[in-house]
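In what follows, structures are represented as structure tokens.
Both complexes below contain chain A, partnered by chain B and then by chain C.
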Partner chain A sequence: MRAKLIWLAILIPTAYFLLVFLGEGIPALGKGGLNIARTELYATRSIQIVINLAIGLGVINLFAHHLKNIARHRKDWIYSVVVFVSFFAVTGALIHQYRIDAGCRAIETAGRTAAQRLDATLAQHPGMSRAQGLGQLTAADREALQQAEQLAETSRHGYRFEPGLLYANYIRRPLEATVMALLGFYITYAAYRAFRIRSMEATVMMLSAAIVILGSDSFGGWLTGGRLTAWADFDNRVLNSGMQRGLAIGIGVAIIAGSLRMMLGLEKGILGTGQGEQ
Partner chain B sequence: MRPLELVQRAQLADRRIVYGALAVVLTLPFLVEYTLPIYPDTYTRMFFDTVEEIAADPVEREKVVLVLSQWGPGSDGENGPQLQVVFRHLLRQRIKFILLSTADDPVNIVLATTRLQWAIEDERRRAQRVGEPVPNWEYGVDYLNFGFQPCTIFEPIAKTVVLETRDLFKQDYIHKQALTDDNFPLLRRFHGVEDIALFLIVSHTDEAKAVCGIVQRQVPDLKVVEATMGIVANDLYPYVKSGQLSGLLNSARAATEYLFLLDPADTTTSPNDNSMSLGKIFLLAMVVLGNIALVVTRRAEAAGKLTPQRVLSTPMKSLSNRTWVVFVVLFAAGYIGVCAYELVRDVGSGTLPRLRVVDPTAREDEGPKYERIDRQRLRKECENLLTQEGETAPAARAVARADAKFARLLEMRIGEFLAALLTLGILSFLLGDNRFYRLTEAFMIGGMMAYVLLEKWDKFFIPSWFAPIGAAAQPDGNHTGLFWLVLIVPGSLWYFIYSKKYRWLNQLVVAMFIGCAIGPEFGKQVGIIVPQVLDSIQPIWPFLTDATTGQSVFDVERFEHLIFVVVMVLSLLYFVFFFRPKTRVGRGVSYAGRLAMMIGFGAMFGNTVNTRLSWLAPRFGYLCDDWLGKLFGS
Partner chain C sequence: MRIGLVLALPVVIAIVGVTSPFAPASDSDQPSVSTSAPVAAEQAADTTQQSSRRFVAHATVLALIIGGVLTGIALARRGHALPIRDIPGLSAFDEAVARATEMGRPSLFTCGGVCDIRRVQLFASMPLLRRVASLSGELGNRLIVATAYPETISIHANTVRDGYADAGALEGYRSDDIRYFPGGQFFFAMATMGWMLKEQPAACFYFGWWEADSLMLSETGQTISALQIAGTDQLYQVPFFVAACDYTVIGEEFWASSAKISRDPALLGSLGAQDIFKLAVLGLMVTGILLCQHAGFARWVTSIREIFG
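What follows is the complex of A and B.
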């Protein structure tokens, strides 16, 4: 029963997208009737919401793991404290940011409403100047307009403390970028240790790699007057591309076959049938 | 130790020595500046020409360019410069564009927005430098930011993103206003896919394939281009050849090439480009040295001059406590020293460092990159600008603007010091696991979780889920909107993972997720494979008969196609497993297939190296240039 339900859970969305694919161009059933293609927006939105609801899992797991570390005084539990400090510091900063944003939006909305009233007043009295029109507005509207103008000036040329932006640009960006950058060190050392030219295949591979590395680089271009760049271009556009297309055709057929197997319930591992859960 | 033994031992050298040497090599171009010529490749030119064609065509100019930004801080070294240079091109040509993202991480759109801001500043600086009037671009009129709609898998959302963009993105990112024609005049020219001049993707993955496979099948005239990482670009080359993509930017070097096409007279390689370049040469040199060492050692071992070494690898030894203490003391002294020097210079003179504003009459390379500026000079600059804009009494506004600019410079400088500290914290992992690294890592994890959670809540769940439900719950609202509440049911299934008894319910939602991933794959694969096969079945004879002279003419494109088809067929044949080649010819074909694959894998490795070094060099650029360069070079 469980396996069947799981299979249905795979089948229904797959069948829906297949139907959308096969039913392309089919007009709506009657005036204002159901059009399968028009349902895609709702399907997409639903998928997004359901998938994003999984974010709670991340938060729960993170809290559970690090709370346990702290409670049991496991080795290096102090770093778990840092995780929480960082979590709540960023939370506080973002909440502060949202308050600022909400305040700005309120000013903008009030300013827009006041501007509409001013426009309406000026439209009613064609000869009236803007200053006279302002005089016709209430004191609150005049203040809202003034505040909105000040805000626009600040947004363009002024300074506003935005902790969210600060976090993204000066904390997240360098941290994550540096973590990924470590791979540059690893690939260099791995190439030094493992890239051994012991056969014809390895030699061909090395040559192709060297052409792409040096050719797609200003130094290689400078050294050969641009010839190596042309070789690298040829390697990428023709040789590499030819191989990639061969792979892509093979992989594409395999994906269709694999998808069909899943759709037809032939992939037992996904259905959990191998674990006595039927 | 004898030289031969040294060579033998060098093969098992401590990886920290190689790391250290690479770090030195990457730093050199920031200390010794030089420039090299730039040679743009074919697909970069095609990308550039596609944008130029839109700019030149009065009909296409009336449409908009959709810029889908799908990259995060990890690939900032590659995708960041690509997006920035593409923005510069669009801004300079005054082509209207809309920025959007469907990336799962909310920080991605922030980075893209920052790059847009930098592109605007670059273009304004360029105008100042060449003596043109400083341009302005108005948000909502010239460009717009739709923000992000997070979706872990792109395929199910691809069609909606292109065909129903305005319905999917409910509000703009900057002001959170509804996407109506009244709120944003730019939207008057964008109502559907027919108003898209170009779908421009800057991404760390291959969204272009999904757009080609799923959307282009329905909208064949849709022009698509992608700027991506070297590793991913491998995959996308065949799609440019088949005409499904109109251009491709491969890695950070393509961004430099693009900038060269945009400003041929002004662009040479930057220290950042040179750093990547030296890094790549270092890597190749290490491969050559490693191979020479291997050959020399093997020969010496065979001749009995060396005892054969059977150890293939040695684990990295941890540093002794004394060495760690030395490192910590050196680092602390260095960092605190730099902080103190910065403070003394800033407070002592009341100035802050910034990028030098170049006089239109002088060339940029005639002075230092950075300069120090105080409030008084900032005030004068603002007054001049306001006077140029036609302000009659600029003094009062100039004071406020100068104060704001000074505050921004101060914030940037503090941010740069913080970023440098965190960068060094992560880099310290190269010496071995240590407390500084773990502290930085813990700091990163907690902050990331909070950021993703809150940003999704504020910018996705509230406008896209809660708001429609709230509107439907109003007495005069459309109650069908309450249907969205149903999603709580499948959404809650994720959490049954914590129940021993009902854990299988979690599998239901995972299965749905799989269904959503494989469903669109049918359409996508058909949409991308068929044009690929059709493009392959083209005439291959490289000689054409000239219609006027009747002579046989060699056609380069046909010749390239011939080689392309040979490589493709050989690669495909290599995967034919249902019979074993027994004849000499059969084995020869199989071997040729293997060689064809090796050429491709070599190119893939080359592009991978490009990617890795493109990520690494900017980090050294940040430390040497943005952080220390501003202090010592201003």
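What follows is the complex of A and C.
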């Protein structure tokens, strides 16, 4: 029964999105036109609802699991405390960021409305200066304009503490950049190991790499009168592209076949046999 | 019955789509402001004709592939599956797990930091994980698994448990050995690298959908002298795996791996059908090249290409 339910849960959305993919040409076939492709927006919105519900369930599960760890002093329970501290710190920061954003939006909206009123007043009275126009506005409008200008000035040149941006720009992004930088060292080391001439294949790879690197560089072209550039171009456009396209055709057909097996419930491995479940 | 359902379902959804009161109005209902009425009508008719041709072309090719795959599966179930040649990377599975057992170190299996539940490659890797789990159960070795997405934890857990059950060693299965490292590709990579350095696996298996984390994990595997086997259909990652791993299952071999390991008729049959389609595509390409030598046929070939977009 469980396997059948899972299969149906896979089958229905897959069939729907397959039809949406094909749906571009469907309107021409029906008398009134098929709207199946146009319902995709509603489908994606409903997926968002499911995702949000799943997040709620996830938070409840997370709390239940880690509270139990702390209450029973299980092994490494201190990390459960770290989970709670991190959770509340990040959630608090995001709520604070949301409040800041909402305040800024309100100031900008009020400023825009006041600016429109000022423009209307100046249009009604040609020859009136901006200062005189400001005098015609209410005190609230003048204050809204002043606040909006201050906000714009701060955004351009000033600093405002924003916890969400602090996390994104000064914690997460530098960490990711550091990992990316590590990748450079890994590539160099892997290339060194791959290009050691130990076998026929490694020799061919080394020669091919030398041609492509030197051919793509102006020095290589100058050295061989442009011949190396042509070889590198041939290597990239003919040999490499041909191989990649050949593999891509096979992979494309394999992906269709794999998806079909899942739709038909023939991909049994993912469902498990249920042996040993507690 | 299942096939009937699969074929009937899109039709039902299409009918719901036609009659749906929630469906937004068609773009053609909007009045045109910049084009005159006869020109707009002509353009609309052309677009409609083009899109209906494209629909028929796409649907025909898809139907041919689906029909071929289903026929292949039916033939394989009757014992007419095409043979699969040896893939060195797969033959080394036994050697890798046995080596890890002898060294008293665990084996590691991971599908990478970007292989989420939408990737078919994840599902294609599961028979391989089951095989590694089965070998680990048989030899009494510990298998550790790293995953980056919460929805894939239960898929990995089911597969590992089934693998241990296949070997009759269910007591060897430990749910704690399936670790979830959240935060995205690079955070997953860093956490897994740390875990690898701590656990020192002697056999590492990397299968699925890979991006930049491929080289990070495989280089870490190199530093701990693990026997590494990788497989992906991501062509840009294959060179990294070739440089850092002992065995690499390249491109299409990755899709053949699960069929070869599981010997499941559904997988074997669809693999045979895929090969026949590739031959058909090759035949079409050669025919197209020959036809293009004649101007009359070349126009015809070009119009077919335009239909497919």
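Everything below uses one rule, namely that the second predicted complex is superposed on the first by the 143 of 278 C-alpha atoms of A that agree within 3 Å, B and C clash if a C-alpha of one lies under 4 Å from a C-alpha of the other, contacts with A are read in each partner's own complex, and residues count from 1 in each chain.
Quick note on the criterion: contacts are C-beta pairs under 8 Å (C-beta built on N, C-alpha and C of every residue); 3 or more make two chains touch, one makes a residue touch a chain.
In this text the structure is predicted, and so the values were computed from the model without any measurement.
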Identify the partner contact of A:39: answer first if only chain B is touched, second if only chain C is, both if each is, neither if none is. second
Could you tell me if A:265 is touching chain B, chain C, both of them or neither one (first, second, both, neither)? second
For A:127, select first, second, both or neither according to whether it touches chain B, chain C, the two together, or no partner. neither
After superposition on the shared chain, which partner residues are touched by A:257: those of chain B (first), chain C (second), both, or neither? second
In the overlay, work out which of chain B or chain C sits against more residues of chain A. B
Could you look at A:189 and tell me whether it touches chain B, chain C, both or neither (first, second, both, neither)? both
Doubly contacted chain A residues - partners chain C and chain B: 11-12, 15-16, 18, 24, 41, 58, 175-176, 179-180, 182-183, 187, 189, 191, 193, 244, 247-250, 253, 255-256, 258-259, 262-263, 270-272, 277
Taking the complex as given, what residues does chain A use to touch chain C? 11-12, 15-16, 18-19, 22-30, 32-39, 41-42, 58, 175-176, 179-180, 182-183, 186-187, 189-191, 193-194, 244, 247-251, 253-273, 275-277
Chain A touches which residues of chain C in the complex? 2-3, 5-6, 9-10, 13-14, 17-18, 20, 22-24, 26, 48-49, 51-56, 58-59, 62, 65-66, 69-70, 73, 120, 123-124, 126-127, 130, 150, 155, 158-159, 161-162, 164-165, 170, 173, 184, 186-187, 189-190, 212, 215-216, 218-219, 222, 233, 235, 239-240, 242-244, 250-252, 255, 258, 262, 264, 266-267, 270-271, 273-274, 277-278, 281
